[in-house]
Every structure is written in structure tokens, then in C-alpha cells.
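So that we are looking at the same thing, I have put the structure below in C-alpha cells.
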Amino acid sequence: MLIVMKPQASEDDVRRVCEKIVSMGYRAHPMPGAQRTAVGITGNRGPLEPEEFESLPGVAEAIRVSKPYKLVSREIKEEDSLIHIGPPDGGVTIGGRELAIIAGPCAVENREQARAAAARVRQAGARLFRGGAFKPRTSPYSFQGLGEEGLEILAEIRREFGLMIVTETIDPENCDLVEKYADALQVGARNMQNFSLLKRVGRSKLPVLLKRGMSATLDEFLMAAEYILAEGNYNVILCERGVRTFADHSRNTLDLSVIPAVKRLSHLPIIVDPSHGTGKRDNVIPLARAAVAVGADGLIVEVHTDPDHAISDGYQSLFPEQFETLVEQITAIAGVLGRTVASG
Amino acid sequence: MLIVMKPQASEDDVRRVCEKIVSMGYRAHPMPGAQRTAVGITGNRGPLEPEEFESLPGVAEAIRVSKPYKLVSREIKEEDSLIHIGPPDGGVTIGGRELAIIAGPCAVENREQARAAAARVRQAGARLFRGGAFKPRTSPYSFQGLGEEGLEILAEIRREFGLMIVTETIDPENCDLVEKYADALQVGARNMQNFSLLKRVGRSKLPVLLKRGMSATLDEFLMAAEYILAEGNYNVILCERGVRTFADHSRNTLDLSVIPAVKRLSHLPIIVDPSHGTGKRDNVIPLARAAVAVGADGLIVEVHTDPDHAISDGYQSLFPEQFETLVEQITAIAGVLGRTVASG
Amino acid sequence: MLIVMKPQASEDDVRRVCEKIVSMGYRAHPMPGAQRTAVGITGNRGPLEPEEFESLPGVAEAIRVSKPYKLVSREIKEEDSLIHIGPPDGGVTIGGRELAIIAGPCAVENREQARAAAARVRQAGARLFRGGAFKPRTSPYSFQGLGEEGLEILAEIRREFGLMIVTETIDPENCDLVEKYADALQVGARNMQNFSLLKRVGRSKLPVLLKRGMSATLDEFLMAAEYILAEGNYNVILCERGVRTFADHSRNTLDLSVIPAVKRLSHLPIIVDPSHGTGKRDNVIPLARAAVAVGADGLIVEVHTDPDHAISDGYQSLFPEQFETLVEQITAIAGVLGRTVASG
Amino acid sequence: MLIVMKPQASEDDVRRVCEKIVSMGYRAHPMPGAQRTAVGITGNRGPLEPEEFESLPGVAEAIRVSKPYKLVSREIKEEDSLIHIGPPDGGVTIGGRELAIIAGPCAVENREQARAAAARVRQAGARLFRGGAFKPRTSPYSFQGLGEEGLEILAEIRREFGLMIVTETIDPENCDLVEKYADALQVGARNMQNFSLLKRVGRSKLPVLLKRGMSATLDEFLMAAEYILAEGNYNVILCERGVRTFADHSRNTLDLSVIPAVKRLSHLPIIVDPSHGTGKRDNVIPLARAAVAVGADGLIVEVHTDPDHAISDGYQSLFPEQFETLVEQITAIAGVLGRTVASG
């Protein structure tokens, strides 16, 4: 932290700032300048709040100089983390040369619908299956998922098609249940700062897919992951799914610049969700291509064999043939970057 | 829902839209125009998704014409709801002529700190005390609250000072505990769409203070309240606490225009949190005045007897003398609007 | 500027940063720390760009420590500026104890409409009249203003009603014309960074009302004013008129927290436009009250005697009776703050 | 426009709405429903404002059903527009199978710097050269460009290297000068709603590169282009350059989803500026790849032979070798989409 004093700050003002720093157990480093004095702080372990100092007399501004996260940082671990989903002798690894594709319907609606989607995405090469059994919905009157019945259907799909299951968990208690069925736990965007849930999945043995909150800064996103690592679970996959802006031509604004930014700061892999990121079927393929081109480690995509009758998010789900086109196109683009697409 | 067709849409396109509507169990009302046709939908109970139709051939746009919430709406209940906090023969009512002020420290740090703040806010006229025992924090390394010990301190404060207790609950399981001590349950901004928690507090006998999420639209805010009412708890107080924007001169952008907007659509009372809403002590009093002037039903304000040594949010906490000034000023402004400030 | 090095930065990296600073003509102050080194920069006159340094090897971050504006700053001039509009022996002063109210229609549509509005706002106490003769419109097919004919009508209104005229100028050439008729020049939100226009009004003898751009940070807003002062015109009145956010319940999000923020950093007066700030007539009065309560130096409000038939912005224009109510209410709130409302 | 009445609206309310519509010269189509009535409007030429009706008694909401732009719309012209820059028997066409790359320094600083950059970008295959002679800068104390001297340097570069010149014009008067030297006129993001400038370039014979404003919606962006077409200049190239959001990890948030959205609504070509779009050199190549992958018609990129000593935007300018890498990578990605990169 660096405290910048006002030009007209008195020596007393500077002394008071230094005293406060010392009273907090840190060291103060006053640095007088031609026009104004600055005071550096060292010795703090956790993050300090700029506002803590900005209300003192004579202080113009307090500026953070170090990042608040540790375990997720490249400063701790330089090489990329590889996260394995599924059995040690099978499954899929995310974060390496191979791109991972997670595909399937928004929600598990019934056995037939889920199996139909699974058959098609498996055939197109996907190794990971998505499908919600518990659905966080804006309206209490919307379909909330099949619950445990949905999880059982997902388990059948794993047995039948050899697909690894990625599915959402919505609260700590619910996590006990979902853990029994899933290969990876998804934490949704609306729960990115549900710290009770983050701690709970941090104590799970399963990898966690953490979606970026709708208005989360990069720091907040990484701090949410830090919660999970701090509990001992190092297997976190980040996921960009669009942020909320004034723009009204898409449901969210997919922020692809976060991919290289995450890669610079963190060793964790990051994938992209172009389905929620755009909210329109027609935009999914172009933005999936862009996500691969920008350097994402994979995609999570909604696919439905009958999107017109999907119970949720049908309008942003791809038809199976569109999914095949997507796989073809991103395979070609991955090749340009010296990567391949994980497939079965 | 109104489906607007493209000018060049064919009759087949229109027919397909109508068939889809009928297949969903609703009625379709095609309305041919000079340049283009529109198709109205009636008979749907819950909200429909525009995107559901926008991906059909020939469709230009699908437009929502009714609001997705019911129980929170003035269309259901025209008169303002009055929410009572505390014992029937005492306590405070929010939503009427009297403005409610909830004041106290960000977190309960220890008995002395909490009692000192309670004494001062009581003396200044407050009837409701805030103070977190469970704190959702961006960093896992920050102080997370005293837990049940904090709740016991809050219960002592109620007994000693006659203050009603408003405190945060962070997950469904935690709610079982907080309910035993609190007079009103607070759901924080980061949990506004934690639907498990919303359902749980919807089954509580206590009133709920629901904070607006950092990037929640008005519809989403009211839908979150709808979750609580739908479970049977009609005692919800809304709270504006600032939204996330590009502006960097304050921690959040306090959106005071939401107050008259809520008043128009809903019968629920709404208060304002100028402490989180601005994130700077110097802005709390001016924006508290503005909140009362715009028509809010009350305020929730952070007050600390020693903000420089507060464990959290000290920089946005008022000194007790500042809180007294705030009460004086808003009492005068309330008078201009024919309202009073609830005080003991 | 403070350059923060990465923990693993080499001595060579630090040296290269220092050399770059020196090559730019500034002085470098390396400050080694326990974990990382920081390098201070002094001697620069204008603002430096953080990104200038962030691309050097070993640099973690470059942080601005001083503000880029000078003439608008309280560090240059501590006391509030008082800006006078109108003849020296008459007119209105903005920025002092008296609040200024600028009222009138969005656009001058014809002589009768403008005179009718003028009569009513004058009668309600306003001393300053607004009304556009040149209108920046999103659509090329919308009414673009009466042009010079509108300016002549405004000049008549000054003579007949003794109202000072505040009207918009849209480009440097146009400014030559508007200057002949107006008492103060308005620069609209869309032109806040039209630097050719800012320089031109900076060479005018008339005071300038500068509206905040739709997505302008506080720094950018003050820098736009700095352009005007830098050309020699110190008579600038700032105006908050709402910023663009994700919120969809009002046309813009009125950012009232910018008022105390401007007051802290700058000596210039700032007023609020609740008409554009909310975009809905019903919200104008509540937010006008809030603007006065937060400490604004005045208001600019749209008033029309027949808003239903206004050519532009009728839906956000007050009826004359509503304007009278507004004046009454804000006069009472101003009284609470020890201020009065300038009136004739 | 569709007017949705409140459930409790009276017949009088509906009648008043219809009368207002008729008094405006349009036709009203009342459509009674089970719960509420809606009223359609036809016969209007230009766009109507929803707020115009929302303030009438009994009206719940007014909803736009048609888009306000015409000439830029695919409904007017279905096939893609091809925009030619340069002499008829040479030059470059944008909007077809070939991607266009516009490259060069942010500003023309002097003859040597500009020629050095030109030599390198020409060698790497670029056919279009960028470089500002007039620079809109946030601070009045920053370098504002060489003016006409810069334009003369650009003209020399055209002669010497055969590069077409794309350069910015900042106001109507300035346009007279820039037109004499440029092959295409650039309108910057801050001037996207400088309607005087839009009308002026609309009367130019040169093609116009129109950058999206920092907080422009898609409709506003297309309406700004409509201003140019409405004056008779159909040669407009749109450019996405990042929008302003809460995200702080990049200077702007590049909104790549706008590319397919523009393609759906308009026949105009659209290119991407990854330099301003990200504000960091390290992000330029990944986001340039993404822009091509999503379907943009070209790129505009900042390249400098000595970015560390660039007068402006050096931190986001590519080194020439990086530009070569960029051209290689996007050529490969273009190939995947069946496109090529225009090169000399």
C-alpha cells in the first residue's frame, strides 16, 4: 500500500498516518517529494483497504501495490496447472495442449432428452457432459430441475456413454448429494461469491468449475478461486461466461480479454461459455471460435436435440448438427495455435 | 409476449410461430400490419423468454409485455406494506410515515466495541441495531465474523438497550442459528440470487432485509423478493446499496432513482444503505440526506466509536457525532416531506 | 507515477526501468523492499500513462499518484468559484449560498411555445431559461432545432421576461452564432470530449455549462473542464446528468455521489439535470429533491406547457404546476442546508 | 410501437391513448385481452419515444417494435456492402472475402518515425496505413498531433510505399483539410455522436471509418452510421474498439459479440481495433486472432518501431516483429473461415 499525501498536508498529518500504520502492526516508510510526501507500508500479510487511510486528514489517496490473492497466483506456481476430471486411468485433463469441450443440455429434463443429447455430443467427440439437476432460476415459478432424479440420469449417462459429468451444486448441503454423482462440481455465476458454498467445494475431492460472476472484477474472480484453494482443493477450472454491461444486443457481454489476463496472473486453466456468454444460438459458434483463438483452454456449450421444446435456455442451445460444425471449426482454429481438441 | 416478424417473413414463418405457441399450450394472435406481422401470445402463466422465439425463422424480435413478478406487485396489492420488526407490543414499523434508521458497526468485533456503538446510536435515537456476526468477505484471509459469540453479544444488546437486532445470515443452515437471536434477517448483496437462502428465509417467521445485488436489474431485485414471498414470508424490506458501474470515484454507484421506481411497481418498503453505497465516510451524510429526500423509507448506516481501528469497513463508518448530525439533518428533511424519524 | 516491480524481477529489469524514466527526462527513485522493488518517478509535468511502463520486463504495475488536472483543482484554488451569468449589474451567480434553477423546454419549437414556458417558469421564480435551438439527436430524422430563428426567440424571451438564456452550442463554427444570443453556452453530454468545441468555448467570454459524458469518469469530466480553463475561460459550471449503466428502469443512472466528489477535488460549481438524469417525468421531482439534499449548486429542468405535444423529450418535461411544486419542495430542502433558491 | 395498458386501466384511459396517437397523425389499434389491453401504433415514419406514452394515465409500458435506422439496414439492402478505399484501379476493398489490415503508429510524430513504421507494415503485407495528424486527447497538455505537417508526411508515405492512408478528422472545418490528403476519414470513438462531424463526412467523397463510442448501444452505433448515409455517403466501415464497463483488467472491454450482431442487422462491413480495445500490447495478438475468428472484416492495429519512445499509446503498440506474427496467425485463422488477408 502506498499513501499519497496532499500537497498541503502538514507534518502532523504525515506523522498521524505513520502512527496509524504502526498501530496496525506494519512498518511505515515516509518518502518526502518536491510537491508532496508519500508513505509506503510494508509488513502486512493480507490485503489492506485503501479507504482505511483515505479518510485521514491530509491523505490524497491510498493505492494498492500488491495483489490480494496468493495460492492462485503465478508468483506462487509458475507453470500451468493441469486439472484432471474423471478416473485416473481415464478422464480428461484441462489446461494442457488439448482443449476440453463440455457439452449437453442446460437442464436434465428427462431420461430420453438427456440420453439423446449425450449420444449426439459423444458422437461429435465430446468427453465431458453438462446438464443441470438443480437449476438456479431468476423466477421462483420457473423449472428448478429434477433434483436427485436428474443426478441418477447423469450417472446412467456416464455408464452408458463414458462421458464425464459436470453439474451444478447450489448450496453446501446440496453439495453432499451432488458429490456422489458428479465428476466435477460447477459453481454458477450467481454463486461466485457464495462463500459458504466456495468453502464447501473447497473441501471436496472433486474438481470445481467456477463461473465468473456477472459483475466480478478479475481480482474478485481470482479471490473466489482462492477461497476454494485455501480449503485444500487445488483443482479449480475458471470459466468466463459474460459480464453485465449497458450493451443490449446480447444477453451478456463476453469478455474475452479476461483470458490472456488470467493466464498472466494465475496458473489455473480457464474455459469459456459462449452459450450464456451471448444468450443467442446464432452467436454461439462465432464466439466459440473467438474463445479458442484468444487462448481459452476449452468450452462449455449447451446442446439440445430439440431446442424449441427445451424447458430452459432452448434459444441459446445448439442443434446437434451445429455442435458438430462447432467442433470442426474450433479443431481447425486450435490447430493454428498448436493445440488439439480432446475427443474420444 | 409479442412476436414481431421481419418485413420479409413468409406466411409459413408466421404459421410456424403460431404452431410453436400452441404447442407450448398458449394461444396465438396473429396481427397482420402494412409492413410486417406481429403475433401476440396469451394464456401463459409464468414468464416467457424472448430468446425462445427469436431464433425461429422470420422472427425479428420477441418482446415481453407483462412483468414476471406477482406477489410483490402493486397490481396484487395496491396499498403500501408495513413491515413490523420486533415484538408486537414494541418494535418498529417500516414503510409508513416514520423513517426507520438501522445503525451500528459493520461487524461485531467484541462485546465492548458493540456495546459502545449501541449506546451511542441508541442515544442518537436509533431503534434498530446492525452488526454482522457472519461476514461474507471477498478474501478468505479477512475476518469472517465472531459467529455465534457475536449473536450472543447482539442478544445482550437487545436486552440492555432495547434495540431491535438486524443481522446477516449467509446460508440456509446458518439461518437456523441466526433466527434464534435476530429480530430481522439480512440477506447481503452477494447473496441476492442465492436461491437456497431466499427460500429458507421465506420460511422464516422473521422479517427479511433484502439487499440489491451489485448488478441486479429492478426486475431481478423484485424477483428475488418474490422468492421470499412465494414461500409465505410477506415481510420483506428492500435495500438499495449501490450498483457496479465504470465510475471509480466511489466504491459503488448509489442508484437513488430505483426508489421511486420500486414505489411505483411494488408495495414493499425500500431503504438505502449510504455506507456501502458510497464506500467513503465523507459521502455518507450527503447521500443519506439525498436518500431521504428521494423518498426512501429508512436508512441502514455503519457507525463505529473507533472507526480507525475497526476490523472491517472502518473507512466508511461514521463517528458517533457524525451519526448524530446525520439524524438531525435527515429529521429536518423528512419534515419537508411530511415524515418523521422513528426514535426512542 | 510509481512503478511496482514483480518479486522475481532482476536488477537488470530495475535498471532498464530507471533508464527509460531518465531517457524521458524525469528522475527515477528506486526503493528496494523485502519482497519487491518499487521505482518512483518525479519531474514529469503532464500525466504519464501507466501502460507506458507496464510492458517493460519485470514490471508488475505502474500506478498514477497525482491527478492529471491542475486549473480545475482545489490544490490550485481552495475557495469555491462563483460563476456569474448575465449582466454584471444583474444576472445570477452560481456556486454560492443561492441555488440556481435553469428551466424551460427541451427545444425551442416556436415563439408561442417558448414564451408560454418562459412565462410560467419566470412566475415560479426561475431566473435562467433553457431551450435548445440546435439539438443533437440520435436519429438524423428527428427534429434538429430551429437554428438561428430559435436563438432570436430566446433573445426576445430575455428582453420580455428578464430571463438569462442558457443554450447549447454544437460545434466550433456554430459557437460564433450562439455566442451572439446566449448568456451561457451549454456543451452537451455527447460533446464532453469534443475537444475542438471545448477549445472554442474556452476562448469565449461567456460562462460554459459542461455536461458530464454518458460514460465519463470523474477524471475525464474534470479534464474536459480543464480544456476550457486552459484556454482562458474560468467560468465553467459542471453538470451531472446521469451515466450509462446496465440498469434499465431509468434512461440513465443519476450519479449523485459525484457531487461531493467534485466538491472535494475542484472549486467549480456543479448542478444536476434530473430530467435527462432519469428520463421520466415522475422521477424528476424526487431526484431534484435528492440533488439539492446532496449539495448540488442548482438544477437544470425541462418544463413544457404542453408536454404531450412537445417535439422532443416531452415525456420527461414537467408540467408548469409540477415545476412550481418542485421549486417549493427544493426551497424547503435548501433551507435545511442553510441555502436559498435564487428567484426573481 | 405497442402500448401496454395496466390491468386496472379504464376505458377512458384507453381512449385517451388512442386519441393521442391519432392527434400525432398515426393510427391506433386497440387489442383487448383477458387481463389487459394493448394498443398498436402504425403509420409513423420515424422512431417514437416510449416515454412519450408511458406518462399517460393507465399506461404500463410502451414498447418499440421497429428499428429506427433504415439506410444501414439489411431490410433495405440484403447483400454485404463492399467499400473501396483508394484509386479505382488499385486500393483495397473491405467487406468481401479478403480481410483488410490497417496498421501504423497511433500518431505521426515525425517523418522518420512514420516512414520506419510504414516500411515495416508494408513489408509485412499491410496495404492500409494509419497514423493521426490530429489527436483527440483526454488532457489538454498531451501531444495534439503535428497537424497539416503530419498530413503531408502521410501523403509522402502513400507515394513512397503505395499504402492507402486512413487518418482521423476531428471537426467539420478540419475535415476540409484532412480530405485533401487522406484515402479514408476516421471518426473517433469520442466523436461518434458529434453530429456536425457526421454530417460533414457524410458529404465527403471519401469512405469513412466510424468507431463505436465508448458506451454506444448497437442501435446508437448504427444510427451514427445512418447520419453519414443519410447525407449521401454510403461508404461507411464500422469499427468495434471496446466499450466501457466495470472491468478493470483492460482499458476497455472488447465486445466481439457485436460483430455477428451487426452482420445480422446491417450490410456495412465491420472491423476491430484490438489496440484500443485492450490497451495492452500483450493482449493485441490474442484479441486480433479472436476478432478474425468471430468474423470481422479486418483489423486496425497500432505498430511502432520504437514503442518505448512513442509519444502516445506506445504501451499498446506492437513491435514490427509482433505485427508480422499477428499477420501470420490471422492469415491462418482466416483460412479456416475461407477468407484471405489482403496483402501487397
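In this document, chain identifiers A, B, C and D correspond to the written order of the chains, with residue numbering beginning at 1 in each.
The rule we apply is simple: contacts are C-beta pairs under 8 Å (C-beta built on N, C-alpha and C of every residue); 3 or more make two chains touch, one makes a residue touch a chain.
Bear in mind the structure is a predicted one, so any value in this text is a computation, not a measurement.
Across the two candidate interfaces, C-D and B-D, the one carrying more C-beta contacts is C-D. Distance between chain centres (mean CA atoms), chain A to chain D: 31 Å.
Rounded to a whole number, the gap between the C-alpha centres of chain C and chain D is 26 angstrom. Work out the mean CA point of chain B and of chain D, and you get 39 Å between them. Within chain B, contacts with two or more other chains are made by residues 215, 244-246, 282.
Taken as a contact graph, with one node per protein chain and an edge wherever two chains touch, the assembly is complete, since every chain touches every other chain. For chain D in complex with chain A, the touching residues are 215, 217-218, 243, 245-250, 253-261, 264, 277-278, 282-283, 286-287, 289-295, 329, 332-333, 336-337.
Residues 2, 4, 6-8, 29, 31, 33-36, 38, 40, 42, 61, 63, 65-66, 75, 244-246 of chain C are the ones that touch chain A when the two sit in their complex.
In the complex of the two chains, the chain D residues touching chain C come out as 20, 23, 45-47, 49-56, 68-69, 136-142, 170-174, 190-191, 193-197, 199, 214-215, 220, 223, 226-227, 230-231, 244, 251, 279-282, 307-309, 313-316.
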